[in-house]
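Can you read through this structure? Questions will come right after.
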Amino acid sequence: MKKNLLFLLFCLAFMALVMPVSAEEGTFDICVVHNSADHPSITAIVQGMNDEAAIFGANVTYFDPAADPQKQASMIEDCIARQADVIVVNCVDPTAAVAPIKKAFEAGIPVLTQNADVAPEGKEFTYAFVGSQSIDQGYAVGKMMVEKFGDKEAKVVIIGGNPGQTDYVNRVAGAEMAWAEANAPYEIISDQPAGWSKDKALTLMTDLLTRFPTGIDMVYAVDDPMAIGVIEAIKAAGYEGEIAVYGTNGNVDACEAIKNGDMAGTALQMSYLVGVYAVRAAYDINQGRLISEEILAPTAPITIDNIDEWSDMCW
Amino acid sequence: MSESSPLLWMKGITKVFPGVRALYQVDFQLEEGEVRALVGENGAGKSTLIKILSGVYQPTEGEIFLNGKKTVIDHPSDARKMGIAPVHQEVNLEPYLSVAENIFLDRQPTNRFGLIDYKKMEVDASFWLDQMGISINPGMPLGMVSIAEKQMVAIAQAVSLDAKIIVFDEPTSSLTQKEAENLFTVIRKLREKKIGIIYISHRLEEIFRICTTLTVMRDGQVTGNEKIENVTTEDIIRMMVGRELKDMFHRKRCYVGDPVLEIKGLSVKGILNDIDLVLHKGEILGLSGLVGSGRTELARAIFGDLPYQKGEILLNGEKINVHHPSESIQNGIALIPEDRKEIGLVLKQSVMKNISVTVLKKFLKFGFVDEKKERKFASEYIRQLAIKTPSPDQEAQFLSGGNQQRIVIAKWLATNPKVLIIDEPTRGIDVGAKSEIHELLDQLACKGMAILMISSELPEILTMSDRVAVMYQGRICEIVYRKDFSEEVIVSFATGQKIRPLQKDVVVC
Amino acid sequence: MLQTVGKFIINYPSIIILVFLISLGAFISPVFFTSRNFVNILWSVSVLGIIAVGQTVLLITGNFDMSVAYIVGLSGITTVMLQINGANLITSVAGGLAAGVIIGFLNGLIIIRTNANAFLVTLGTSALVYSINLILTQSKTWYAQIDAFLILGRGKFYGTIHYSVIIFLTMAIFVQIILRRTIFGRSLYIIGHNPKAAKYSGIQVNRLKFGVYLFCGFCAGLAGLVMTARTGSTVANAGVGLEFDSLIVSVLGGTSLFGGKGGTIRTIIGILILGVISNLLILLNIQYEAQQIAKGVVFLTVVCADGILEKKRRSS
Amino acid sequence: MIRKIFHFILQQNIIILFLSLFIVFGIFKGDLFLNGINLHNIARQISFDIPLALALTTVLIVGGIDLSIGSVLSMSAALTMGIQPTGTYFAVLIALLFGILIGFLNGILITKGKVVPFITTLGTMTLVKGIMLTYTKQLSIAGKDESFTFWGDGSIGVVPTPIIVVLIVALILYIVLKYTKFGRNLYAIGGNPESAYIAGIDVEKNKVFAFMISGFLAALSGVLLASRLNSSTTQLGLDSTNWAIAAAIMGGASMAGGRGKVFGTVIGVASLGILINGMNLIGVFTYYQIGIRALILIIVVAVDAVTATRIRENLQLQAYGKRD
């Protein structure tokens, strides 16, 4: 009996301890529902949003559904319940996000999509998309490849993220688009996912080098950490300099690798800017201004030739 | 037809397991209203026969007739439907279900929607429990009742089946005298209802009290079918073991020396109350009392398995502090627990590893266990205690109860203890092995070991002990000396009918 | 002779599967049966292997640890952050290992003190460690600063085998000897079979159990260092998925989830099965989806075979 | 009677947690927490986790565990959306049958293949995930029938439809487990398989049924989720298994088998749901949320274990005191 009462007290005390984390008063509330908070690009976005929010005096609250579309839907509903002024959604799944976004629309709360857009049928319920199009990033990488290899025949290996994820699918599609425009006869000889993990990319590439002891001309790892993993595998297997490795993001170590010639190129995604633009757009909406339907942060192709111009933008 | 045919006739039953022939051409008959004792040493095939009857095993050869009709029993549920109700030796019940549900498992009364009617079930359960002479709340989870009550619940389950044949497998092994008496009354009532009863027990005195006929088995065969009036204990034992045995082991009286273990004012909250006890060199001190009187807990406290709040333990006059069995082992105290299979042994490990576990330090060579030495050591004990095993590497679970008990004894003798506490030394062990273990205990005492023997079997207590300490509700209420030994005295103290003021223990003789 | 072979098959079905997979690989793919490929296979599983050594020992005592995955992240993060703050090689490595041991300590403490279910407690600490990882890294990638540290993951012993592989194999063999030949090891098996009997035989059950949790935390910490050194950097969820993988390889090797049975040499076999399958499926260019199905099927086959053979083993 | 209820509440740590969560969030964020929209949201959110936790409760009762429910969930969602063009409710039927089929497979492997449930379902988890990825070609599938969203996304009055569906299912499961022989047999099997066998219960058959129920419930969760999102994705059911286990155990089930309560589990899921919702309302940063949830899990598990030991010891004492 006593024990249980103690437990009750303990629970209450524990809860009360957690409380002080509540948000401060500000001019308007932005409710952000991430895709999955444990990726570096999200960190960069958050930084951009926080910096910009300080200027506008906005309260930003972040939710992390850990790549679960159902949780994302719930969290959007939580945002509605919080009566946020603007909801920013980084869609885990473009189709699954339609229904909850529609609800926010119906509740009269404006929604911005960020980084990953909602499916076309959900577009009418959103004010704007803020981000860099992953298809553009893939396109930029594809262009870099074409610049380097021209219309020679070349064999390409794709190192993907999680099977089925939008960024992964779109980036590859973008690259293929660029090849098709240039009539470049490149062939994808392997397309396997490595779960956004550097270590898994390393293992996967090691096995692929065993399978194709010769003949790999290019590797497109759909984000930079995996590209770095691929480079480690190439170095370990002694193929240094023989294979052109491309990534996407513009992480610091990728830029470093481009500078010293280990990596062929990356598409710089200016996540920080995405964060900044999102807060500005939210402010504009809150002020009742009209905004553009697509607010894109620029994607910059980085190679050894222009790395010096961009290196301070790497994140 | 039914006039002449027996209630049950198991005809020419043979059962072969891979590598072993457990039963060979067994004929077994049971009439209505008969209480047939089924006796035999462990491994004689009694359990296999019962398992065939209750549908757990299928016979390799042979037929079963119920009321003269040939029957195949494929599954325990078949047996139940045919009115065969076994009460198993190891109480097999559901800890989280209520007492009532345990009694009516899989045949709960239902209402007109086909849903279980809990109220009716509990009323029905109370009825059967009353018949057994015990009063427990039928809605209580079974895990909350005592072992003896569990046994009674298991019996109530069988009786309530409205069965034609009830099999009791060692029903009294965890019952107190009083509870056993209740059971016997029930059995007599069942007899009057023309129910056939098979009664398996190692306690021959019970058999003479309640059975009408007797079947003896040895090595998978029937060696005798007798009316109970026509046999004596000696006859039964002869049929069981196939050789003459001294009827009961009689202990030689040995020299009893100085106190080895002294316990002063030992108390465990709610369980033990101010225990004083002295154990001497070369003495076997019997510890008697009902189940739950605190006997086992006293042993556990001495062995360091149960923390005590007050009191002290002195070994050879020096105070020792035991907080963990490892410390008592170092001090030369050994405990052979009641529950061989759960606590005494590691069933899935080899005989050798079971014997050597307490003394592995002896075989260390550069920090590693020298298996050669270990094997030699274990083989020596296997020989000394005559443990019947094909090799030291045989897993302990495949040995018979008596041999398992010898392994546990070997394991503790290996530590060279000064004090040996042994809890129910011969529970579930057959007559032959029993007297061998008694002889062993006697020899150990004569070599100067101090032995504290806990037992529920009064004959064992009376034949083996030099003195008997009787416990009642967590206290030692009396020390009985050999000259005063009698069942009546001990029972009257153990049941609390006679309580003397606590007196300090005095040195014997 | 035939009988010995039969007995061997019954006792070690996993070896048969491994031999089968290797012959299949040699038959199908020309590049499979090369020393370089085998070195690569070993290298890729060494991190998992080091974790599995700790996990196997825990399984032998009838416990397990679901927090190993995030400990891998935590130890890497601790080491890298120490390096960033100017610690030298030894201090930073010690810090990483200590982080693993501390979580092991926490697991052991809670489980022994409260007698709570190990699966749930370690599931809880797992999420707790993940949250710590996230707070420490702020979801960013952190890079190792000391080049000598990277040798742990990438360096090769005289250009032949990676150090990480040597660490894994040495640990597995060394732990196997301890398990089989020391009082400590023998006691662990007894605890796994029957903790009550172990206590009554004078074994300090809680102390040993605690020790094994510390060891498992240590192994996971070491694995985290190797993984960080292999990739040169670390993130919050670096080891995710390894908790189930380490259970899978232990079980594939023939270690029982119920305690009392198994060994770390067997775990090497289990690890190799997993490594060979992954390698083979990539060499054969099997689609990722089909890889999942194939892994599931092989795993179920092995465990079913083991379950059915267990009966045979008992009767013989 | 009132004393009895009070005593019962104090016995249940999970209810205490539930109540204290309610009180604290009510006090600190009453305006946001206790308003109709939010309670409606919580009800909807938890309704997809309840079937999963009930699935685990059922298999925990027979002494098993089912790790494959997450994969089954995503596959059944994929089937619901993928076959929808052929017929909306035909697709639902196929999806539910698929869940039952995987449950059957689990049951057969466990009873005939003699593999422990943890390992078997670990294997089928991988297997079903592979099947799901192959079937969906790793893509999301959008729903074609707008009316179908009623089941997961609609409301009846102010109450979300899925919670009504799920509570009806829970009620049926409660009646099955409490008032039918089949249900009691499941408890008997988990508590002591041998005694169940001797009592004439077909242990293997009942175990297979329990796993089929588990598969069905997981599939149901998948169907409702597909209806809610009007699409299926490969990301569904990622780490739901772990928290479903936690909720079931918090609700009174035991890893050792033989115990488990339907409404205990429902309250377990609700507590976790309220916790997450409340932390989101307060604006606890996601990194800390994970840690807080972990701490609560550890504390609940530990306190539960300690009280269980206490209760056992007390019972022993009672048994002594009672003797005459």
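Per-chain residue numbering starts at 1, and chain names A, B, C and D are given in the order in which the chains are listed.
Going forward, a residue touches a chain if its C-beta (ideal position, glycine included) is under 8 Å from a C-beta of that chain, and two chains touch if they have at least 3 such contacts.
Values in this document were obtained by computation on a predicted structure and should not be read as measured data.
Two chain pairs, A-D and B-C, are compared here, and A-D has more C-beta pairs in contact (counted per touch definition above). Remark: chain A and chain D have CA centroids separated by 32 Å (rounded to whole angstrom).
Annotation: 43 Å between the Cα-based centres of chain B and chain D.
One simple way to say how far apart two chains are is to compare their mean CA positions; for chain A and chain B this gives 69 Å. Shared contact sites, meaning residues of chain B that touch two or more other chains, are absent.
Annotation for chain A: residues touching 2 or more other chains are 37, 163.
In chain C, the residues that reach two or more other chains under the touch definition are 134, 288-289.
Pairwise chain contacts in this structure: A-C, A-D, B-C, B-D, C-D.
Contact residues on chain A toward chain C in their complex (touch as defined above): 37-40, 42-43, 163, 190, 192-193, 197-199, 202-204, 206-208, 210-211, 213, 225, 228-229, 232, 236-237, 251-253. Those residues of chain D whose C-beta lies close enough to touch chain A in the complex are 10-11, 13, 16-17, 19-21, 23-25, 28-29, 32, 35, 37-38, 41, 44-45, 48, 133, 136, 138-142, 149, 153, 225, 228-236, 238-240, 277, 279-289, 292, 295-296, 299, 303, 307, 310. By the touch criterion stated above, chain B contacts chain C in their complex at residues 18-19, 303, 305, 324-326, 328-330, 335, 337, 342-349, 353, 357-358, 360-361, 364, 367-369, 411.
The part of chain C that touches chain B in the complex is made up of residues 177, 181-183, 186, 189-190, 193-194, 196-204, 260, 315.
Contact residues on chain D toward chain B in their complex (touch as defined above): 175, 178-181, 184-185, 187-188, 191-192, 194-202, 258-259, 315, 317-324.
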